[in-house]
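You will see two complexes here that share chain A, one where it goes with chain B and one where it goes with chain C.
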Partner chain A sequence: MTKDMMRGFDLYQPANLENALNLTARLGKDAWLMAGGNDSLDWFKDRVKNPVALIDLLAIDSLKGIRETAEGIEIGATTTLTEIANSDLVKSRYNLLAEAASHVASPQIRNVSTIGGNLCQDARCWYYRAGLDCYRAGGKKCYADTPEGMNREHCLFAADRCVAVSPSDTAPALVALDATCLIHGPEGQRSVKAEDFFIGPAVDIERMTVLEENEILTAIQIPDRWAGANFYFEKVADRNTWDFALVNVACAMRLNNGTIEDVRIACSGVECVPKRLTVVESVVKGSPVDDEIAALAGKSAIRGATPLNYNHFKIPLLENLVKRAIRNS
Partner chain B sequence: MEPEFYTPLGAGDTPKSRSARVSRRSFIKGIIATGATVASGSMLGTLAGCSAETSSTTGIAGTVERLITLNINGKSRRVDVLPQETLAMTLRYKLGLTGTKLGCDRGECGACTILIDDVPTYSCSTLSHGVRGRQVTTIEGLQAANGDLHPVQQAFVDELGPQCGFCTPGQVLSAVGLLKVNPSPTRDEARRAMSGNLCRCGAYDHYLNSVMRAARTS
Partner chain C sequence: MNNYKLLGKNFTPPDIVAKVTGKAKYAEDFRVEGMVFARLLSSPMPHARVKRMDTSEALAMPGVIGILTADDLPPVVSPQKPTLTNEPHYVGEPILALAAESETLAQDALEKIKIEWEPLPFTVDPLESLYPGGANARTDGNVVSRGSSGNPPAIEDTKWSARDFAAVEEGQLPMGQAQAEWSYGDVEGNFKEAQYVIDETFVTAGTSHHCLEPRSALAYWQNGKCIVHGSSQSQSFTHPFLAGMIGIKPEDLVFIGEYCGGGFGSKGYAYTEMSIPAHLSKKINRPVMMRVSRAEEFFVGAARPGFQGRVRLGFAENGRMLAADLHIVQDNGPDTGFNDFMSAGDALALVYTPKAMTFKGIPVATNTPPRVPQRGPGQNQLACVIEPLLDKAAKHLGIDRVAIRALNDPDNDTRYGPKQRGLTSAYLNEALEKGAAKFGWQEKKKLSGKKNGSKVMGIGVGQAYHSAGSKGYDGLVVLTPEGKLHIHTGVGNLGTYSHTATSRVAAEVLKCDWNSCVVVRGDSRKHLPWNLAQFGSNTSYTMTRTNYVAAMDAVNKLKEIAAMDFGGTAGDYDIGDEKVFSIADPSKSLSYAAAAQRAIDIGGKYSGQEAPEDLNAMTKTSVAGLAGTGLIGVAKDNLESEGTPPAFAAGFIQIELDIETGAYEILDYVGSVDCGTVLHPMGLDQQIKGGAVMGFGMATKERHVYDPQNGLPAAVGVNDSKLTTYLDLPLEMRTTAVDIADPMNPVGSRGIGEPVMGCAAAALLCAISDALGGHYFNRIPIVPDMIVNATSGRDQSHGPLAINTF
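For the complex of A and B:
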C-alpha cells in the first residue's frame, strides 16, 4: 500500500468557473483538472502522471445539475452518473442516456463519477496505464499491437500507431442523441458536437478529446429532436460491475408505421473514438424493422474491421449488438 | 461540539486502545502514526510557497489549507490533511478509524466504502479535502449511543453474512446506503446496490440474505 502514496501536489478548489479558468491560465501545463477523480487518482497513485497542481472542479455549483432549456435539456459537466440515471427528466425523454449512465462501473463509482469525467477519461490500454513509453505517452512504439501484445480489449477500426479504444459508456449514447458539448476557455465559450468532441490517434495521439489544456468542458446539451424516440443500449463486458465495455451500442430510432424514418447509432470499444455507424444508418433508413434489415445492418457495421491478434471476437460481437439494436429499438 | 485534535501517538477512537499497558496493536499503530508524521513533514517543502494564499473555501482562488475540520460520524474532527491525501488514509492513519478497510486502493473492491451525506462512496478514491462540510459516516458511526448494533449490522450477524469479515464494513455501509433511499428493495435491487463490493470468500448470498432481513426488520 505504501508504494501507492501519491506524490504531493497543490490542491485548488475554485468556487466558480471564472476562478477555475484563471487558474488554468495561470498554471498552464502544470494544472490537472479533476472532477469525480476515479480516473485521475489512479494515474497519481501509480505515479505515472504527477501534476504540480490539481484543480478540483466539484466546488463549482454552476457545473452541476440537469436543466430544461428551450431546445432540449442541458446537463452540467459535473452532474454525477447516478443523478443522470435517476433523473425523471432524463428517463422520460432520453432514456438512452439514463441506461448508459446506469451501466458505468459500480454503484459507488457512479455516485461520484461525472458525465464530463466519463467523456474526458483517458484511454484504458494497460501498457499506456502502466507508464510505458508508448506512442500515446510520447514514445515511439506500441506495446499492444505486437505478436505478444495482449490486445483483446483493443480496437478494430482506425488504428494509427495506437490501438486503444474509447472506454466510455455515455459517449455513444450522447453521439446517438446528437448532443453538443459546451466548452469554456480563455476566449469565451464554444460548442462542439459530441461526435466531433473525440479525436483519434491520427489527429492527436496524446489526446482523446478536442479540449485544449486551458479549456473546461462545462455542459452537455441534448436537443429535442430525439426526445422520446425508440432507444436501445447494450453493454457487453467480462463482468457486469466495474468493467469497461468490450463493445457497447447505443441507438436512437424514429419509426413511422414500422418503417425506420430516422436513426442514429454509435458504439464504443472498437475505435479510439465512439464510432458513429453512419453506414448502418443509411442502410436501414426507410426500411421496415425486420430480421433481414437487422442482419444487413450487422454485416455493414463490421465492414473494414481489422482485428489484432486477440480481439477477433469483437467482430461478431459488434455485428450481433448492432443487429439487436436495429431489431429491438 | 468540542473539536478533537489529532494526537499522533496512541491515537484511537475507542477508550480501550488508550489503556496504560502498551499492546502490540497500539505499539504498531504508534509506529504507523509516527511514520505518517515524518512523511507529512517532508511534504512541507512543496507547500511552503502557497501558504500565503487565501483558502479557496471562500471562493478565492488559492490552494487549500492543511488544517481542516471534517464531520465524521457526527463529530467535528480537526485534522492535518495533505492535499493529495485520500479519505481512507485520513480515516485510518490520522483519525484511527480502522474499521474502514483498504483493499485495492483503486476503487475496484469496495472494502473502503463509507457514506458521504448518506451516499455510498469509495473513501480510497475521494480526496479528504473534498468532503469538508459534508457528513461522513464510517462503520464506527453506525451503532447507537447505548452500544446497540445498527439494524443492518444486527441482520448481518443474524444471517451469518460475513465469513472472514474484511469486506464487511463496506458491505454494511452499502446496505445502509441502499435502505436509506429504498427501504424495501427487491432481492434484485439489493444485488445491484451491493454490486460495488467484492467478497473474496464469496459470501454474496449470505450478504443478500442479511440485506433482505435488514429491510424487513428496520
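For the complex of A and C:
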C-alpha cells in the first residue's frame, strides 16, 4: 500500500505546441502529458502509474483562453474550469458548459483543473485506482463486477468486462452542445465530435478517449447552433462539493411556442462514456413541455439499465434527473 | 448569576496567532541536525504472515541508513496492538520502518524489499465471524474479553450456534452468547405492560478519525534522553505511556506536543506510531522524522467501532420508556478495540431512564483499522439509533417529539443503570427547553412534510450525552518575583483552547489581571503537573478543579506570609489587586511580586522546597524543578465529587429534502447545551458548531467501506471518506447554553465536547425521517442513494445488518 510519495521523473515544460509534439514523438511511451495535474498526481503519489518523463502543458499559451470564432467559440484545452465558469462569453451563449464547469470538484480544484484534463481524466473506479490488476490495468479480472464488489459508483449501461463510468461533469455538457474536440498529433490536426471522443471498454479497455499516444487535445469548439438555447444541468453527488457525480445530466433544448423543437441530452456516471440519450431526444422532440412528456422521457432514459449489486439507485436517479431536465430546461 | 471577572468572558487564546499565521510548529515542522526520514512499509493484505523478508537490496542503496522491524521490538501480548508486526491484521498495518537521507529515497528503497506472504483467513463483518465456521480476524480468536479488576484484555474464540442465527427473522440481529451483559428491573414484565413496543435491527458505521494533522513524529536521543516531537491531544498523560512504548523511564523522555492538528479521541494519549521514530533513531543513531501521509493516516489513524445491533423499547401510553433491551455486536477492529458498546448501554440507561433494562454486547474482531475512541464513543452511535425511534414512538402515541424526550430525560434526582448511580447535576430538560425556544420548535414543527416541488421540509430534534469530568489530578501555579502568575498545565492542546479557559480559574481565584498571567504548557521540560488527558469531555470539570486547588494553595500561602510579616493570622488577610492585605488595615499589604520574593526567602513549602505528599511523582518533580523561583501553589484535587458529571446537548434542525435526488439542505440549526457554568462563550459556541458539523457527517456522509472479497478499503483519505465540507453547511448556526452551575465543581463547570456531535447527528437523522413521513432507516450514514431507493419504493442494496458497506 504505497501512498503519497512520488517517484522522481524528468520534467519537460515546452513553451509551444510544436515542442510538445516533438517531445511526445521523441519520448513515445515514456511521456506523460499533464495539465492541472489533479488526475495525474494522484496516480504518481500512489506509484500506480510512474512516468519516466512528464510533459507539463501549462507553459503553452496557445492552449489557453476562450476565443470567438466564425462558427462559435473555441476554448483552449488548458483553460481552467474557473475561467470557463466565470466567462461572460460562455455564460451568455453556452451557460450549460459554465454550469457544468462550476459543478466540478471544489473551488480550489477548479482553479487549477483544465477543461482538457476534465475530459481526458482516467476512470475513477476505486479498484483500478488502488492499482489492482483489473482488465483496465491490463489484467484479466474485474473486481467491481462481482456479487460482493463495492460498485455503488459503477455503470448501468454498456459494461464490457469493465464497469467504470465517465466521471466528467463537462463531458455531457459538451456532448449536448454538439462540441468538437481539436486534436494535434504528428500527422497534423484532426477534429472529433465530443460524442465520439470518448470510447468504452468494448473499443479499448485501457483508455477512455480516442487520443493516441502521441496526440494532444488542444481545443474544444462549440458551434453556434446551440448558442442561447434553453439549458439544464444538474449533478447529484454525495456532497455539494469535491465529489464526482453519482449521476449528472446536461440538456440543450430549443423551444418553439412551448414545443420542443430540438434537443440534445447526455449524462455521466452511468456508462463508461458520457451517454447521449438519443431515445429521450426522439421521445420528446415535437412535444410540448409538460409533466407527462417529462415522465415519459425519464422512463425511456432507463430502458435497458442493468444494475450491479450496489448501484440500482442510479436507475430512479437517472429517471428523475432526465425528468427534471425536460421539465425545467 | 456569578460575579466572575474572567470566567464566562471571551479571551484571546495565547496560541491562536501562531495558528492562524502559520507560525505554529507542529511535529513535522521541526528539523534537527543529521535528521533522516523514515517511511513505513505496510501490509497489502488484511491478514497474513511474513514468511520470508529480504531487505538486502534496499539496505545496499546509497543513502539508506537502516530499518526497524517487529523483531527489533519487544513482543506484545495478543490482542494488544503491536508497533510493527510480522502478522498484520489489516491492510495498511505497519510492517517495518526504513530510514534514508530523503523521503523519496526511503520510499524507493521500500520497493526493493522482498516479502513472501502467507495469506491467512480474514473477515470484515463481525456477524460473519460469529457464524459457525466463520473466519476469525486473528489466528487466536475473534472476541476480546474486556478483562475485569485490572486484568488485561484477552482474546477468545467465540462462535454462536447456527440455531442462534436461524431463530431470528431474516435481517434481524441474532443474539448468542454475550461478552458483557447487565440488567435491572423487571424487563419482560414491563414490556408486557407497555402500550407500544419497538423492535428494530440497526447498523452504525465505524468512521475514520481523519485528523487533519497525521500522526507524524520526530525523535532523537541526546545525553541519555529521548526527545520526541509528537501530535497528541494531551501532554502529561501522554508522557508515561509514550515512555513505556519507547522502553524508557518517564524521566528519560522529553515530550513536546505544543500543538495538535486534531485527535477526535484517537490521540488521547500515546499511540504506537509515535514511538517508531524513537526506536529507529536509537538503532541508527540519527534523528528520525517520520511523516505519516494523508492516506497512511486512514490506516494507522484508527476508526470508531461500528455496531450491528437490535433494540426493543417499550413505552407507556404517555410516552414513558418502561423497558429497554439493547443488543450490540461491535466491530472491534483487529486488536484491543474500545468500549463503545458498553458506553452505548450506559447512555441508553442514563439519557432515557427506562424503568427496566437489559444490555448484552460482544466485541468481535475484524481485519479493518484499529478501533479507538472517537468523539462520543458509543454514546453518539446510541443517539443516532435511539433518537429516531423516540420519534417513531412519539408519532405512534401522538405525543410531541420534544415532550417525549423531556418526559424520559434524567434530572438531579435520577439514579441510572444497574448500579443506580447518581449525577452531579442534570439540566438536559432545560437545554431542550432553551433550544426549543431559540429554534421556535412549536412554530417550526408545523412545517413538517411541507412540500415545495420535489422538496419536502423535515424538522428534527436530537439529544446526546457523555460523562464530563474526572477528579484527583494536580494543579500547579507560580507567582514570580516579577509579579506574574505562571499557570502550569499538563493538559494538552486538542484544539478547544480549554488549556487556557481552565487555567483562567487560577487567575480568577487569585484575582489576577489576565495580562499578568502566563499559561505554561506544551513541553515536558516546562515543569508541568500530572493532569488527565484531553479526552472524554473531561477537561472543563477536571482542570478547573486542579487549577482551583493550586490557586487556593497560593492564596493561603500569601496570607500566611502576610501574617508572618505584619502579625496576626492568615485569616486576618485577604487578596485583591494582585496584593495580599490586612482586612483591618489595607495599608498593610504585600504585592504579589513582593510576596513571591518573600516566599523564595522563606523557602520550604512556600517556594517548592517541600511539596505535599499526595502529589503524583510527575508533579513532585516539576515542583522540585521550580523550587526557589517564586511562590508555589500546588495541590492535588481532593475536592468532593459524588456522582457522574454529565455533559448534555440537544440539537434542533430544519432541512429541505429533495425526494428525487436524495439531496438535502440545512436551513436552520440550533445547538443547546448543559455544561454547567460557561467558561468561554466563544469556545463553547465553536464547540457546539464544530461538533454539529462532525455530527452531520456521521449521520449522512462519512463512509467506511470494505470489499469483503479481499479486505481492501474503498474509502481512503478525506475525499473518498466524504467528510462534510463548508458547502454542505448553512452559513449560520445558532447556539445557546443553560449555564447553571454544577454543585460538584468549584466554579460550577462541566465538559461538553462530545455530545454536541451526537445531538446534531441525531437531529438530522430525525429530520430526514420526518421529511419522509416517518421512514426510519435504522442505519448511519443515510446517503443519497438510500433516500432515492426509499422514495422510489426500491429495496436497499445492502442487507439490514451489512456493515462496512457504507
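The definition used in the following text is that the second predicted complex is superposed on the first by the 326 of 329 C-alpha atoms of A that agree within 3 Å, B and C clash if a C-alpha of one lies under 4 Å from a C-alpha of the other, contacts with A are read in each partner's own complex, and residues count from 1 in each chain.
By definition in this document, a contact is a pair of C-beta atoms (placed from the backbone, for glycine too) under 8 Å apart; a residue touches a chain by one contact, two chains touch by 3 or more.
Bear in mind that the values here come from a model prediction, so they are computed numbers and not experimental data.
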Partner chain(s) touched by A:Gly149 [first = chain B, second = chain C, both, neither]: second
First, second, both or neither for A:Gln13, with chain B first and chain C second: first
Touched partner set for A:Leu23, first chain B, second chain C, both or neither: first
Which of chain B and chain C A:Leu321 touches, first, second, both or neither: second
Touching partner for A:Ser92 - first (chain B), second (chain C), both, neither: neither
Which of chain B and chain C A:Gln108 touches, first, second, both or neither: first
Which of chain B and chain C A:Thr278 touches, first, second, both or neither: neither
Contacts of A:Trp242 with chain B and chain C, given as first, second, both or neither: both
Where chain A meets both chain C and chain B, residue numbers: 1, 4-8, 106, 240-242
Chain B-touching residues of chain A, taken from the complex the two chains share: 1, 4-16, 19-20, 22-23, 37-38, 41-42, 44-45, 53-54, 56, 58-59, 82, 105-109, 111-112, 240-242
Chain A-facing residues of chain C, complex: 39, 42-44, 91-92, 103-104, 107-108, 110-111, 293-296, 299, 454, 660-663, 701, 705-710, 712, 714-716, 719-720, 722, 724-728, 783-786, 788-789, 791-792, 794, 797-798, 805
Partner chain C, residues of chain A touching it in the complex: 1-8, 46-47, 106, 126-127, 130, 132, 143, 146, 148-150, 152, 234, 236-243, 246, 309-317, 320-321, 323-324
Complex interface listing, chain B residues touching chain A: 39, 43, 46-47, 50, 56-64, 82-84, 86, 102, 105-108, 110, 113, 119-122, 125-127, 129-130, 174, 192-193, 195-196
